Amino acid sequence: MMASVSLEERQRIYRAMQRIRRVEEEVARLYPGDHIKSPVHLSIGQEAVAVGICDPLRAEDIVSITYRGHAAYLAKGGSLPAFMAELYGKDTGSAGGKGGSMHLIDIAHGILGASAVVGTNIPVAAGYALALKREGGGRIVVCFLGDGATEEGVFSESLNFAALKRLPILFVCENNGYAIHAPTSRRWASDELCARVSTYGIPATLLAEGDVLAIRAAAASAYATMRQGGGPAFLECRTYRWREHVGPNEDYDAGYRSRAELEAWQARDQIARLGAALDGRDRDRIDAAIAAEIAAAVAFAEQSPFPGREQLTSDVFAE
Amino acid sequence: MSSQNSHERTLTYVAALREAVAQEMERDPRVFVMGLDVDDHKAIQGSTRGLLERFGPERVFGTPLSEDAMTGVAIGAAMAGLRPIHVHIRMDFLLLCMNQLVNVAAKAHYMYGGHVKVPLVVRSMIGRSWGQGAQHSQGLHGLFMHIPGLKVVAPSNAYDAKGSLIAAIRDDNPVIFVEHRQLYPTEAAVPEAPYVIELGQARRCRSGDDVTLVGISQMLRECLVAAELLREIGIAAEVIDPVSLVPLDMATIRTSARRTGRVVVVDNSWTSAGAGAEITAQLAESETGLRLKRLGYAPTPCPTTPSLEAAFYPDPASIAEAAHALLRPGKAWRPDPRHAKLAARQALPPF
Amino acid sequence: MMASVSLEERQRIYRAMQRIRRVEEEVARLYPGDHIKSPVHLSIGQEAVAVGICDPLRAEDIVSITYRGHAAYLAKGGSLPAFMAELYGKDTGSAGGKGGSMHLIDIAHGILGASAVVGTNIPVAAGYALALKREGGGRIVVCFLGDGATEEGVFSESLNFAALKRLPILFVCENNGYAIHAPTSRRWASDELCARVSTYGIPATLLAEGDVLAIRAAAASAYATMRQGGGPAFLECRTYRWREHVGPNEDYDAGYRSRAELEAWQARDQIARLGAALDGRDRDRIDAAIAAEIAAAVAFAEQSPFPGREQLTSDVFAE
Amino acid sequence: MSSQNSHERTLTYVAALREAVAQEMERDPRVFVMGLDVDDHKAIQGSTRGLLERFGPERVFGTPLSEDAMTGVAIGAAMAGLRPIHVHIRMDFLLLCMNQLVNVAAKAHYMYGGHVKVPLVVRSMIGRSWGQGAQHSQGLHGLFMHIPGLKVVAPSNAYDAKGSLIAAIRDDNPVIFVEHRQLYPTEAAVPEAPYVIELGQARRCRSGDDVTLVGISQMLRECLVAAELLREIGIAAEVIDPVSLVPLDMATIRTSARRTGRVVVVDNSWTSAGAGAEITAQLAESETGLRLKRLGYAPTPCPTTPSLEAAFYPDPASIAEAAHALLRPGKAWRPDPRHAKLAARQALPPF
């Protein structure tokens, strides 16, 4: 797969994944300092999905993200300073400090607001796709969702509607094997998710390896069909959350999963893999730029003011 | 309604709803109608009749039985700049939509720092009639009044129905629009040209100095009959229609209450922690010395059999009785039921 | 199929279907008189499903029915006088007049209360099955649902849970092709319902012909497996509603469906088919007994008192 | 609580909940616990810890993310004679369960003529803390108070938590059991033997003649601190905990209101059409001349940033201020915020 991807593309993909990883590591580092004012659900380990999916998107396309949405937010081009300021609860945050980590949004970059209620974003994304279909300009929506979200009835309802109306939407299930601490084996009667989705007439593909280039290729091919009115598509991307469900730490001592599981996924870490294939100096240059960008974003967040009291009652209703 | 004369056109409530939507769809291509059965030959008891033929299946479409997802779809479309009207033939079915309405629609504008709007109208009907029973007759507007970020409108007549539905469609926020099945055939003078009834303005429908009756949705009509019954025994009742519950025009209600000193709030729902509780509590917080009383559904699920259903709802007789009790606490009085029925026929049509 | 079924069984099945048909025809006849105090959703034309499913059940088994539940209520052995009195809104009705046609119940005969909110009975039935599984006595639950109910998210959620816990429950989809006036083609992205259900690991069978004996055989074989801990099963039974969605009349002039559709189903009407294969005098005897039973039930309903005012506030809470 | 002495055992709220469930499961094999994550190592912040080990996976099990169906499953199991406790780590998630709770659980006993019972307990937590935000911190008990057929309990301390949870489990009706995250670590004297706190009995937590403070759930604690602040300026506040909201012991509240003439109702939710509205309206209907005031969440979704979140909630200072305003309408007064914090530390632990 790697051979067919240009050097420039490989650099871009490496950069995108590494940037997410480094941002989240920084969030984890800062977290105990109580500057970050809301619960954080880190994607460390899952970056390949967000990047593989978002890399072939156009700027005017839309992504709908979850409370575990840092990766997709950044991959789609969401503002890093606004992100960091939002985590800090600042007036300059993406939601003016009212949303926090679980409610990231960046409409200018096509990122719909994240919801903290699992599955809730799925029909909303479908509704956005309905509007884009009427618009007729070939724009599409990507809807991220977790493996747990597929258990919510609204997932099935949304699939049926999207297929019925042939909406331009790609559903991406980030299957990290767990909902909080419960493995899929204790929540799913079977793992035939793709087979189930395809009974709606939605092409469904399982990507079991976490390979960023394979994900990207599958996404790109789905988009091409969708832009021509091909209707919805579905990708199940197996992946792995390296940290605890919520918060900055690891939790392999909790007993619900083993470090061996982590190690298997770390062995195919896409950042390491793509990084290793780059020229060392190129990689260092990229890494240094990322570090500088993150430092600037943190400084921006730190220096921004908190929203004033009068903001409490603003924006309840749109005028 | 304000300036009726004999040349004015009268329209039924259901026709007024239909006209409001058709005119708004004509004016604004972003407006569209979705919901179970909006496009069949029954057309939600006629309220969506003709829209499909006129505006086509892209702007008027039935949906699968998936209220939860369809509400999310409407919200997403609204965020994208369209202006959906999501129709439910029973308000009871909104209980399947609560997560999207309360956790998303109501909060999105605020929670996302003002970056999105949700110009969504949710039309639904209180289904009272012929043994509809516990799950097909509920008025649930009180639930939505509890949640910041939602507007709630419940017009009682064709004139307000048209104007407040147009206002709701033009509003940039989610609006829960409450209809009542028994209001559908009622008539009022309704101008043909589009007009807006501002949300948050109550209407004084009858004036009087002895007691104030506040009637919500179809209960407004019951209050008007009750006022007639009270007039017959020399009590002058003022009757107020809040029209919109969020925003709520307490000033008009308060002004009346100050004058009469007595208020009966009659809701088309349960009293406990409902619209009646809110109005009563606001009055009690700002005034002292008022005599206040709420009426509403009996504190039970709605029974189907008519022998019980009749006692489940407030009616002109029970409203008049409650008003009388506020005025003359010692003396019990209740209008003769047969006479109350007669009065209803005389007092009401045409509205 | 018919050959392997004894004469006694054929008589019983004919009787059960004919009894339902005649009861509902009587309801339709009475309806304009305003003695019946709530909306009625008739099953005329669909009797074969209820009877095929219920005939092999044991008395102690449970069925969960819908607002279109007259057929299953009667097939499972629900009291006919209590049924008729309930429609009349009388104190002697199955729910004391508080429920009406849409909320039939007969706990003594294993009939869970019907709900007027589509799909609502599905998880409730699964919960009952959970209790029966714990009981361990081999009792099972049958859950009836319409084609429209499969679109509600709770259907998918319930399938997953039932399969995960291997609950003793048979889901029976009475697919009459319409939800109110909307055909499945306008609500379903595809008709691969059985394929979808089977992705949960639930054996799913389509019975497309409306053949009562085929339905009965499929049900009986499912029950045998379920009683031994085999977990849930699913049957999709195609059928046809001859009358309007709600109310006593036909509605072939409404434009949403053709009389030809009806006629195709009438041509394989199971009552006519089984009736024709019986001895004429046997059939007459059965029919006469049914007529007498119905007349008695109507008389019972008519003569029963309405509930008294004090009933309005009773039974809000269980003491 | 009533008869504390130094030999009594103290327990945290969370331990009291756990003990109540464990003792009831021991006593009655029909009781079982289900819900997302009740069986993981976090055990709903400890409130279900140890149950799985003790009672096994048939009686303590996690569920898929399917709140709607799981509520139906619990209802069905209850109809079959079991006694489920369905646990939700956030009350916000009950919005996915509204159809089953309102259309089925609340109505089943009535709608089916008394032929079924639904002995179901729905435990859920108001999630306030650390930037939980708009969708993870709501108190929604007001919605359930609107619906006949549901009981609603919201204990404010470990003693009541144990006793009222046992009462809820033994009750033959659906009970919405409201917990508050910030109450979990609070301690009270809690007898080891099982005991029942009858639903529908309010508790007078502090007596005083000048003003009555009614505090719901965690707001009871804020009221106790406010009472301290008021004492410092010579105002004697009576503090009442309704404990259960349905049934609601208005007699106790009314008796106090008659004596003090002034009531502030402080809820852990929005005021509009909520628990506060109900209590205020009932007072206003039966008494005239009372001075009444509701406090609750700001009429907005809950913001995450602490600079706004602090102003979103009533606190001892704003409660004391409101009480003072009822007593001395002309003069504005507000306790010094730093002093108010100090008072909180002194007034509260141990409860």
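Of note:
Letters A, B, C and D mark the chains as written, and numbering starts fresh at 1 in each.
Heads up, the rule we're going with is that a contact is a pair of C-beta atoms (placed from the backbone, for glycine too) under 8 Å apart; a residue touches a chain by one contact, two chains touch by 3 or more.
Nothing here was measured: the structure is a model prediction, and the numbers come from that model.
Contact with chain B and chain C alike is made by A, D.
Centroid to centroid, with C-alpha atoms defining each point, chain B and chain D lie 32 Å apart.
Taking each chain's centre as the average of its CA atoms, chain C and chain D sit 42 Å apart.
Centre-to-centre spacing of chain A and chain D amounts to 37 Å, using the average Cα coordinate of each chain. In chain D, 63-64, 66, 68-69, 92, 95-96, 99, 103, 110-111, 133-135, 148-149, 299-301, 303 are the positions where the chain touches two or more neighbouring chains simultaneously.
Looking at chain A, one finds that residues 93, 97-99, 103, 115, 117, 151-154, 157, 160-161, 164, 186-188, 316 touch two or more other chains.
Chain contact topology: the protein chains form a complete graph, every chain touching every other one. Chain B meets chain D in the complex at residues 68, 92, 95-96, 98-99, 102-103, 106-107, 110-111, 133-135, 140, 142-143, 145-149, 246, 269-278, 280-281, 283-285, 288-294, 299-301, 303.
Those residues of chain D that touch chain C in the complex are listed here as 58, 63-64, 66, 68-82, 84, 99-100, 103-104, 108-117, 119, 148-149, 151, 172-173. The part of chain A that touches chain B in the complex is made up of residues 93-99, 103, 105, 107, 112-113, 115, 117, 120, 122-132, 134, 153-154, 157-158, 160-161, 164, 314-319. By the touch criterion given at the top, residues 151-157, 159-164, 186-190, 192-193, 195-196, 199-202 of chain C touch chain A in their complex. Remark: chain C residues 37-39, 89-90, 93, 97-103, 115-119, 148-149, 151-153, 179-182, 186-188, 254-256, 306-309, 311-313, 316 touch chain B in the complex.
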